[in-house]
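Here is the structure we will look at.
Chain lettering (A, B and C) follows the sequence in which the chains are written, and residue indices restart at 1 in each chain.
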Amino acid sequence: MPLVRIDVTEGRTPDRVRAIADAIHRAIVAEYGIPERDRFQVVTEKPAGHIIAEDAGLGFDRDGEVVIIQIFTQRGRTIEAKQKLYAAIAGELGALGIAGENVFIGYVENGPEDWSFGFGRAQYVTGELAVPAKAVA
Amino acid sequence: MPLVRIDVTEGRTPDRVRAIADAIHRAIVAEYGIPERDRFQVVTEKPAGHIIAEDAGLGFDRDGEVVIIQIFTQRGRTIEAKQKLYAAIAGELGALGIAGENVFIGYVENGPEDWSFGFGRAQYVTGELAVPAKAVA
Amino acid sequence: MPLVRIDVTEGRTPDRVRAIADAIHRAIVAEYGIPERDRFQVVTEKPAGHIIAEDAGLGFDRDGEVVIIQIFTQRGRTIEAKQKLYAAIAGELGALGIAGENVFIGYVENGPEDWSFGFGRAQYVTGELAVPAKAVA
């Protein structure tokens, strides 16, 4: 269920781009306990200048290797769970050599009825998929 | 009002891409009763590998022709209305030969004050547009 | 914090594209009082036909120069604040010669815990960043 949009600057190899996507997914699976194949990612490589990401006043610089991650998923996770997820994503990307400065995450919530994985069915409503326990408010 | 992002893999003709967008819009108009010209779609064609969409554990395979549909629209529709919408989208795409396995939908809600269709005005707030009856909570 | 997605049609110079992004950011800074460097924008240039934006029944035509703006930001702003923001965006873009007909805005809200600006930390939760006063519900 999480639909994750990943925006990165052009110039990486396909393997590198895939490794970034894999790393983000590993963090979500580890922290949220979702199925390995509950993976929906849209990756976009963009020309320099088409991603503008400053520091929100925090006092650091990014180096052009910023990774913009936008996670759409079901509501119900605690603040602590989200914090652990962000840390895990930064950790996984750090293992690839991506600096903490370059990991930007935004998160948007919806409900179980807001997903259809195929066949025009809302599988969390029909019961074909169980709503993740931790995502029940 | 619905803003619909449609991500597909490269390799289709422009007519085919347009037909997919048209099909999705027809389903929304039919199910939600919105005006025909209440149409806002952003289509993106992506290289193979930049859309990663597995099965969430449901036990089926997609064939690379997956269509990722993300609908941003006003809150207030019932679960049943959403289910009918998803079925209609899958039905319309099915008529184009797109298998049910390849129709992924995510849905995100906001309010009437969250839209400006032009001129910097919030037309559902000013009354220039009527809030859809079915979308009143 | 606002993450702003900007979709425009191809064919503008890089300077022009940057000017559009700058104009939108100026409006947000002016109206919402956020830090100048609280800037996160993803710009996408798209082939003709990949942005479909009609008039929602309002009775006007766009001229192909439509700018689709999607703002993801914290909840808590009033309807009036949003209306002023939309007007300011249209005003800034108008100063660039972009007609009011061509300014489409959608808005999606989340919470302070839904942002990580770097290092895997949720800086509005940790207190490294202050939640904007106007964004407290």
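By our rule, a contact is a pair of C-beta atoms (placed from the backbone, for glycine too) under 8 Å apart; a residue touches a chain by one contact, two chains touch by 3 or more.
Computed from a predicted model, the values in this text were never measured in an experiment.
Participant: Taking all residue numbers used at the subunit A/subunit C interface, answer same if over half belong to both copies and different if under half do.
Facilitator: Different: fewer than half of the residue numbers at the subunit A-subunit C interface appear in both copies.
Participant: Note the rotational component of the Cα superposition from subunit A to subunit B, reported as an angle of 0 to 180 degrees in steps of 5.
Facilitator: In degrees, rounded to 5: 120.
Participant: Averaged over CA atoms, how far is the centre of subunit A from the centre of subunit C? Could you give it in whole Å?
Facilitator: 21
Participant: Listing for subunit C: what residues touch at least two other chains?
Facilitator: In subunit C, the residues touching two or more other chains are 44, 108.
Participant: If you look only at subunit B, which of its residues touch subunit A in the complex?
Facilitator: The touching residues are 7, 44, 46, 49-58, 60, 62, 68, 70, 79, 82-83, 86-91, 100-109.
Participant: Applying the document's contact rule, which stretches of subunit A touch subunit B when the two form their complex?
Facilitator: Touch list, subunit A to subunit B: 1, 3, 14, 17-18, 21, 25, 35, 37-45, 72, 108, 110, 113-123, 125, 128-129.
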